[in-house]
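There are two complexes below, and they share subunit A, which is joined by subunit B in the first and by subunit C in the second.
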Partner chain A sequence: MKVVACYKWVLDEADLTIDSKSRALLTDRAKNKISEYDRNAIECGVNLVEEAGGEVIALTAGTADAKKSLKDALSRGPVQGVFVKDELMAQADASVTAKVLAAAVRQIEAVDLVICGEGSSDGYSQQVGIRLAQHLGIPVITFVNKVSVENGILRAERKLEEGIEVVEVALPAVLTVLPDINKPRIPSLKQILGASKKPVKEISVADLGLEPAAAEPRVQRTELLGTVMNRKHIRFEGETADLVAQVLEVLNKEGLC
Partner chain B sequence: MSEIWVVSEQTGTGLELIAHAKGISKGEKIVAFSFTLEGAQAASNHGAELVYQMSEASRPEAWVNKIIEMAKATKPAAILFGNSRRAKEMAARIAATLDTGLVTECIKMVRDDAFVTERYSYGGLCVSTEETKSVPFMATMSAKLVEALPEGAAAPIETITGAEEVCKVIELRSHKTTSNLSAANVVVCVGRGLAQEKDLELAHRLAKKLGGEVGCTRPVAEDLNWMLEENYIGISGKMVKPTVYIGIGVSGQIQHVSGIRDAKIIIALDKNENAPIFEAADYGLVGDLYEILPALLTALGA
Partner chain C sequence: MNFELNEEQQMIQDMVKEFAACNVAPIAAEIDREHRFPAELLPKMAELNLLGVPYPEEFGGADADYVSYVIVLEELARVCASTSVIVSAHTSLGTWPIFEFGTQAQKDKYLNDLTTGKKLAAFALTEPGAGTDAAAGKTTAVLDGDEYVLNGSKIFITNGGFADVYIVTAMTDTTVGTRGISAFIVEKDAPGFSVGEREHKMGIKASSTTPLYFSDCRIPKDALLGKEGKGFKIAMQTLDGGRIGIAAQALGIAQGALDASIKYAKERVQFGKPIAAQQAIQWMIADMATEIDAARFLVYRAAWNKDNGLSYGKEAAMAKLYAAETASRVAGKAIQIHGGYGYTESYPVERAYRDAKITELYEGTSEVQRMVIAGNCLR
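And now, the complex of A and B:
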């Protein structure tokens, strides 16, 4: 089974801060990482081929900066990487990313299964994997936290608000996975060293034969500001009895006690 | 005449979407797509000018190709969805084929020349403002931003056929949902500051006395398994909008705080004075919850 696991190289939100005056997002201290749920996607693919046979190809589209991501991705089990390297990815919205990835998957050929995280940890727009399937003309099963493949039939459990929906579909298909589907491995030193020996194919968006219009974002960000939480920031002080009294006052005012 | 479409498999959400559509309409006809008779009738009575009721007992997802076909013929100005997982799948599939943008989890929507929207980014740390000029404009709307329009004259309801299921649905194992957090007037939330599972009882007593519900932070549900996942509050869990939120041993990570930001009053109790929750709180108590909470319960007679 040939599996493509897609991932995004994102800023680590743990390193991000907001300038309290301008509300600007400060990224200077931020490192990058493979987006959380994409690690689950890679792990899912690797587990499936470890059981059923086959191989996983890691695929990402990004600016030149994303090159660093490949070592991490390849240390998690894929046999090779495909990196669509293009500066236009800095402006890409979900519609562009999905078209780029779809073209790359088509170029890889004979892909049985594409696995994506349900959303990226930066924008979390939860669309790329779904759009990707639509462009490839194959079914997508979304919000999956359990999956198995047997004889070319994929069975998956979708975790929806109302319950678990169990579906089956013949391959090829696309999955978007939830973080509770698995626990991504921590690559061993051997796996990390082995990663640099694995082949990586680097291509540009032009190599994919996409029309320039396809690379134009449909949604454009005009502003990004820190969220404002206007709260009173009052500290209750004193002994336990004082604290309790102050809390009761607040609750009383709302008619709760 | 141009149209604005709203699509929802949930009745209440559908009514909110009609209200949203009214808010951005420049005279377009508001057309609702419903998947149940109840939803269709509600939409018909609360502001839709035409209702399409998908007639067969198929999943909403099975209607995507039909909606795409209708959209290509009618060319609506906008298509709005709710925020359920099913809705997000449908919206993204439709947007991909129509080659248009999609704004998910939209918290604000305004129409000038372009559709200008706001949504959270980086786990709730930022608000992103975006512009969509592609047609149709598509968005999945966050819940409870607007109220349903008042009841009015009933609009016509047409049944639609043509569902296409590409997957085989084996079963749907429904949750017996016990969580009422989204609608709760008071939310008592426990975090990792709670030492052991049986201490949840303190939170339950407090919630019961105040007429509220108990929720938790993600680690308490996912890692510790002390509460069901449906009870975790956060940007990828439940978003709550209570009059009073009381955090007990909650440190206040951004992903959790994003889920409580609409609370009228936030009270936080934690032993760590540097916990980020205090930046997000109206009233903060730095102290030992095992001293303060029992004393509070006694004072309340709980």
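And now, the complex of A and C:
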């Protein structure tokens, strides 16, 4: 089974701070990482091929900076990496990303399964996987938290608000996975050191046969500001029993209990 | 000159940080409080190849460089100094002598099991009357047919009672001083070998430190490591490398204490603002950070020298001396920054303070390091 696990190189949200006056996001001290949910996607792919046989190819699209992600991705089990390296990706929205990834998947050929995180840990638009499937003309299963493959049939459990839905689909297909599908492995030292020996194919958007116009984003971010949480500043006074009753009343009004 | 970690080293650092956060940090305070050796961590570390970091793949090791090894020890020590020294003693003191001085048969017999964590190693040089004066040991080894018979005792042995393999020094000739000391590989079930009660220590309480007793302990003749009379040299060279490990441990203790102090200083509000806004605190943080960075580069330099086949005895001594004394200073300042809370077990800095002190003592006291450095400078 040939699996492509897609991932995005994002800013580490733990390093982000907000300027208290302007509410601007301060990213100068932020390092990058593979998006959390995409680590789940890679792990999912590796688990599936460990059980059913096959290989996982790690695929990412980004600017030159994203090259740093490849060894990390490859240390987690994929046998090779494909990196669509293009400065056009700096402005890419979900529609562009999906188009580019779809073209890359077509170039890889004979892919049985594409796995994405349910959303990236920066934008979390939850669109890329679905758009990608649409471009490839194959089914997509979203919100997956359990999956198995047998005889070319994929069986997935989807965790929805109302409950768990179990679906089956014939491959090829696209999956978008939830973070509780697995706990991504911590790569061992040997896996880390072995990552640099794995092949990486580097291509541009043009190499995929896409015109620059295809990489024009349809959504443009004009501003990114931290949210403000307005404190209610409610003061309670009185004896303990009375205080508890007051607090409960307020919480009830807020619909919190 | 590139002062940055390379990509692999950075990834290794991230990996060990993640492992330490998920598996070690949650139990660090508990194993310290309970004086419990964290045996459950050994298979997990083995799975990540953390018990044979610098050894070649042919012997089951990860074939990583010494800088990477130092990074592993530092990141473990950041959250738990005991776990770090378990790995350091096993890797640098217990496994290295076999790798460096063992016969092919000894390497085949022991190395793969040690580097893959199937067995744990320890190193036994120190005796009740022979600490800094390591040559004053009285444990003897007498050749009797096809066996050596060991008599004597060792003290303060890290991993004692949990190790499967011990590198033990003993006198094969009591008349020629250090040239009469030999080194041996003693397995835990050797007849006449026993382990004493664990020491109750000020710090690194989860690390097992025990005496060892040899009472007509019989080991095969081929348990001799290297040649007779080469044991002191083996021990000193082993300690040179071990020093880099302890320097890394000290570095980690210091860094962990600084991290905790920065976090606390930003959160603790006094006089209407975080104490981080007070210059007294800022200057303490600045001094701690600077000393730690200085220690870091001494440690990395010693490891780099070893990786590049350069001599590293003086450099390792400098690294251990400075990193150990830095760890004690930084841990003390960390408690100061935390105030009264820092004195309680609710915060990790009191453990850092207790753990730091041993780094000035074992694998050669700071005074011994000064002797080594001066000896190098003045020759």
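By definition in this document, the second predicted complex is superposed on the first by the 231 of 257 C-alpha atoms of A that agree within 3 Å, B and C clash if a C-alpha of one lies under 4 Å from a C-alpha of the other, contacts with A are read in each partner's own complex, and residues count from 1 in each chain.
Just so it is clear, a residue touches a chain if its C-beta (ideal position, glycine included) is under 8 Å from a C-beta of that chain, and two chains touch if they have at least 3 such contacts.
Here the structure is a predicted model, which is why all the values come from computation and not from measurement.
Trainee: If you stack the two complexes on chain A, which partner ends up touching A:28: first (subunit B), second (subunit C), both, or neither?
Mentor: A:28 contacts neither subunit B nor subunit C.
Trainee: With both structures fitted on chain A, tell me whether subunit B or subunit C touches more of subunit A's residues.
Mentor: B
Trainee: Examine A:211 and indicate which partner it touches, taking first as subunit B and second as subunit C; both and neither are also allowed.
Mentor: Once the two structures are laid over each other on A, A:211 reaches no partner at all.
Trainee: Which partner does A:109 reach: the first (subunit B), the second (subunit C), both, or neither?
Mentor: Neither: A:109 stays clear of subunit B and subunit C.
Trainee: Have a look at where A:72 lands relative to subunit B and subunit C in the superposition and call it first, second, both or neither.
Mentor: After superposing on A, A:72 lies in contact with subunit C but is clear of subunit B.
Trainee: Figure out whether A:192 sits in contact with subunit B (first) or subunit C (second), or with both, or with neither.
Mentor: Once the two structures are laid over each other on A, A:192 reaches subunit C alone.
Trainee: Let me test your reading of the model: by the given contact rule, A:236 touches which partner, first (subunit B), second (subunit C), both or neither?
Mentor: Once the two structures are laid over each other on A, A:236 reaches subunit B alone.
Trainee: Using the superposition on chain A described above, determine whether A:247 touches subunit B (first), subunit C (second), both, or neither.
Mentor: first
Trainee: Inside the complex, what are the residues of subunit A that reach subunit C?
Mentor: Residue positions touching the partner: 68, 71-72, 75, 186-190, 192-193, 195-196.
Trainee: Write out the stretch or stretches of subunit C touching subunit A in their complex.
Mentor: Touch list, subunit C to subunit A: 7-8, 11-12, 15, 18-19, 22, 47-50, 53, 57, 62-64, 68, 72.
Trainee: Which bits of subunit B are touching subunit A when the two form their complex?
Mentor: 59, 84-86, 88-89, 92-93, 95-97, 99-105, 116, 119-134, 166-175, 177, 186, 209-211, 222, 235-236, 243-244, 254, 257-258, 261, 264-267, 278-287, 291-292, 295-296, 299-300
Trainee: Tell me, which parts of subunit A touch subunit B in their complex?
Mentor: Listed in rising order, the residues of subunit A that touch subunit B are 11, 13, 16, 18, 25, 93-95, 98, 121-127, 130-131, 133-135, 139-143, 155, 158-169, 180, 217-227, 229, 231-236, 240-241, 243-248, 250-251, 254, 256-257.
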